[in-house]
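The structures considered in this document are given below.
Each of the two complexes below includes chain A, the first together with chain B, the second together with chain C.
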Partner chain A sequence: MIRIENVSLSHQATPILHNISLTIPKGGVTALVGPNGAGKSSLLSLVARLQPLQTGAISIDGLPVDTTSNRTLAKIAAILRQDSVVASRLRVRELVGFGRFPHNRGRLNETDRAIIEQSLDQFDLADLAGRFVDTLSGGQRQRALVAMAFCQGTDYLLLDEPLNNLDMYYARDLMRSLRQVADENGKTVVIVLHDINMAGAYADRIVAMKGGRVIADGAPTEMLTTPVLQDVFGFAMQVATINGKPIVLHHL
Partner chain B sequence: MANNRIAILAALSVLSVIAFLTIGLRGNIGFVLELRAIKLVALLQVGVSIAVSTVIFQTVTGNRIVTPSIMGLDALYLFGQMALVFALGGLGYSALNPQIKFAGEVLVLMALACALLLPMLRSRLDMGLMLLAGVVFGVLFRSLHSLLARLIDPNEFAVVQGASFANFNAVRTDLLAFASVLTVAALILAWRARHVLDVVSLGSDTATGLGITWSRTVAGLLVLVSALVAVSTALVGPVAFFGLLVVALAERIVNTRRHAVLLPAAALTGIVILVGGQTLFQHWLGSSSTLGVVIEFFGGIAFLLLLLMRSRT
Partner chain C sequence: MIAAAAKKPLRLGVIASLGLAILFVLSLFVGVSDLPFGTALSDPDALQLLLVSRLPRTLAAVLAGAGLAIAGLIMQTLARNRFVEPATAGTAQSAELGILAATLLWPGATLAMKTLVASGAALLGTSIFFMTAHRLPPSQPFLVPLFGLVYGGVIGAGVTFIAWQANLLQYLAIWTNGDFSGVLRGRYELLWVAALMVALAWFVADRLTIMALGRDASIGLGLDYAGMMRIGLIIVSVIAALNVVVVGMIPFVGLVVPNIVSRLMGDNLRGTIKWVALSGAGLVLGCDIIGRLIRYPYEIPVGTVMGVVGGTLFLWLLFRRPAHG
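The block that comes next holds the complex of A and B.
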């Protein structure tokens, strides 16, 4: 369980998050949605201890993120940042293999190798495994970064806009993989999404943020309604129903 | 492939060492060999220290154009050295055993480097800012160094002045014993940190996500770099572009940034250039004192090339 209690954040004097409290139970897919600048990335990076907590408390499986050792947390939660750049000249297999670092401190054993190959296969990277990451397309690189997060083998996956740069095929593919690990392996996925229909189709729960606050929170059928979406995104959009599922016509 | 190339580099290093020791042996062979062996130990340390400290520093800063010397760490060392003479000169500091003084200087450099660089390394600076900061540090500490030098009376000034210019020919052999211990210890630690270095090269966010405690790890690595910079600067004086040249070459030879490969490759490349170059210059290419100039010349060209390549992409 991820427990976020009364968390506020400000940069210099600018407030960014206002007293957020949110509990995400273990297992399932939670989508975080909201307009640009709502504070989704800031909240996720606090959960993933990428920036220090200013006020409030966050714990994962009962371990407070600000006092638990980084090494322990890295075995529990994996984070994919929105704007990950791969600074180093690395091959795809090496990059994905870094996901095993929290477990083996860099010394790969047979289990690690098997997990790496499995992640490469799962994200269709086997053919690219020997390529340098800086020679890949944006979407291929994004898949490699997601594979690295998967490789970490943590119970919690925190993914900030992982669908960036992915084409329709791989975007759907990734969402299905996430659904699968949540259903079959009991993983907890927290994912920032801009495609509200992806959130509707694959998430168990949608949390909407705006202006540094959580302004709506519920199951997809409760969230994908014209009034709620207008509150969050600031314009009225039609919601159709196809096969009993709400589909948002946000592009019209 | 990388392993073959390391084997070739190792073979070249051994050849350089043998050539350095044996070519043109004349007269009292035992005596000459002993002299050469002492100098060899110093050159090996300098080559390896500069190479390894440069690799680590580039990894920590995420920047392949900066080196400890471009960031002014050697100037900082000389400043620390001068500051110690200035502060403690009246207390008979200058008369102390040189190895003890050296130990003090190393500690001062470690403290200064952490105090100055850690705040900058909390997050990654872009290359332009980093280089600018380096130029400012370099100028600042060189000026402070000469300011202190002027304030100190001429006798004490002479104590440190000798060490302010790189000279591969005049090595401070009196520091060799302590320097060797320090170098070996630092190299062992660097080798043990090779996997951590790989993760650090991914940047602070990714490294933190993988369980690295960024500020503590970076502080430890800076202390390591400081020790190695202190060794090379104390033994031969400041060297501006040698590290850049060695690491750029090594990275091209092994074509990877993985530290298990790059660290030994850079160390061996440093040995080949320094010991091999010294042998060449001593026996065939005129005076051995020109080696420093030639290395800096090619290192400077490497710096400009890297800068051009970077600004084009």
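The block that comes next holds the complex of A and C.
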């Protein structure tokens, strides 16, 4: 369980997050949605200890993120930042393999190797495993980064806009993979999404943020309604129902 | 394809090792005094020459080259920028400032103490470089080396001014232009500390590879980012200071060697760091041999030769199409 209590954050004098309290239970896929600048990435980076907590408390499985050792947390939660840049010339298999670092500190054993191969397969990277990351397309590189986070083998996966650069095929594929690891391996996935229909189709719960606050929170069917979405995104959008599921026609 | 990819670095590695071995033997027998190959071990005078002059000189070149290449590699890893190295980004200049201050204020200090002062100054100067470099926008990768050049230039100018005021310009020339001609037994042994630093870098190679992925990725993988930064800074500063104090700074080694190895073998440092060290050693040793031969029996300092060779290699790196696959 991720427990966020009264967390506020400001950069210099600019407030970013206002007194956020949120509990994300273990298991399932939780989507963070909201307009640009809502504070989604900031909240995720606080949970992932990438920046220091200013006020409030955050714990994962009861371990406070600000006082628990980095090594311990790296075995519990993996983070993929938005727009991660890999400037290193690493082969895909090597990059994904570094996901095992928290467990083996650099010495790969047979278990590690098996997990690496499984991660490569899961994200359809087996054919690219010997390629240097800097020779891949943006979408392929994004998949390699997600595979690396998956390879870390943590109970919690924190993903900041992982669908960036992915085409329709791989965006759907990634969401299905995440759904699968949540359902079959009991992983907890927290994912920042801009595609509200992806959130509606694959998440168990949608948390909407705006202006540094959580302004709505619930199951997709409760969240994907015209009034809620208008509150969050600031314009009225039609919501259709296809096969009993809400589909947001936000582009019209 | 994967097997072929694994074979290629191995073959390159064998070539590099063989090249260094040949250069090492060559270096022992190239010089003003005649040292015939056959009698080297039987003739006591020849043996004396070998042990007092040629072997120390050769070892100094190997240690300096390996150290500088590793220092450049680590600096590029920490800065996440392929165009910085200790000679141009303020580290060497800070070390010069340190040894200049020690020479002026503490004339009785031993070479080891002076190296310590120079290392401290290099550490401070390099830390300031990184504090600034990490604030520069990552969207402008050329700002980091440009800032380094300006920063190093400003410190270097200050050093020159102080040395000029204090009538120490001759010393300064020794520190800023690498030269192995003065290396004798008893005058280079401090450089073995550089070998220790290279060993330390090898030990933390995996961590350095992760550092190159950036701060967020490092923390996400449970790495002590700040601690690794400190270790990296210490390795870079100590190696640069040792080179400045013992043989004088040699440019370009830290820049071109890590870039070439990265092109050929990638950046998984666990596998490549030994080849970086080996190639750095070979390059410096090769340039020193060229310097000894080019206007025999006179010598050209290795720093000057490296300026030409390294500059050419750097241009080749810039103009060559980026390697793929």
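Points worth noting:
Operating definition for what follows: the second predicted complex is superposed on the first by the 252 of 252 C-alpha atoms of A that agree within 3 Å, B and C clash if a C-alpha of one lies under 4 Å from a C-alpha of the other, contacts with A are read in each partner's own complex, and residues count from 1 in each chain.
Here, a residue touches a chain if its C-beta (ideal position, glycine included) is under 8 Å from a C-beta of that chain, and two chains touch if they have at least 3 such contacts.
Nothing here was measured: the structure is a model prediction, and the numbers come from that model.
Look at chain A after the overlay: chain B and chain C clash there.
In the superposed pair of complexes, A:N70 makes contact with chain B and with chain C alike.
Of the two partner chains, both chain B and chain C are touched by A:G106.
Residue contacts after overlaying the shared chain place A:Q152 against chain B and chain C alike.
In the superposition on chain A, A:R131 makes contact with chain C only, not with chain B.
Legend: residue contacts after superposition of the two complexes on their common chain; A:L90 is shown touching both chain B and chain C. According to the touch criterion, the shared surface of chain A, contacted by chain B in one complex and chain C in the other, consists of residues 45, 48-50, 70-75, 78-79, 81, 84-90, 94, 98-99, 101-102, 105-106, 152.
Looking at the complex, you find that chain B touches chain A at residues 62, 124, 194-196, 198-199, 201-203, 205-206, 208-213, 256-258.
Of all residues in chain A, only 45, 48-50, 70-75, 78-81, 84-91, 94, 98-99, 101-102, 105-106, 129-132, 135, 149, 152 touch chain C in the complex they form. By the touch rule above, chain A contacts chain B in their complex via residues 45, 48-50, 69-75, 78-79, 81, 84-90, 94, 98-99, 101-102, 105-107, 152.
Of all residues in chain C, only 1-2, 5, 80, 138, 206-207, 209-210, 212-217, 219-224, 262-263, 266-268, 270, 324-325 touch chain A in the complex they form.
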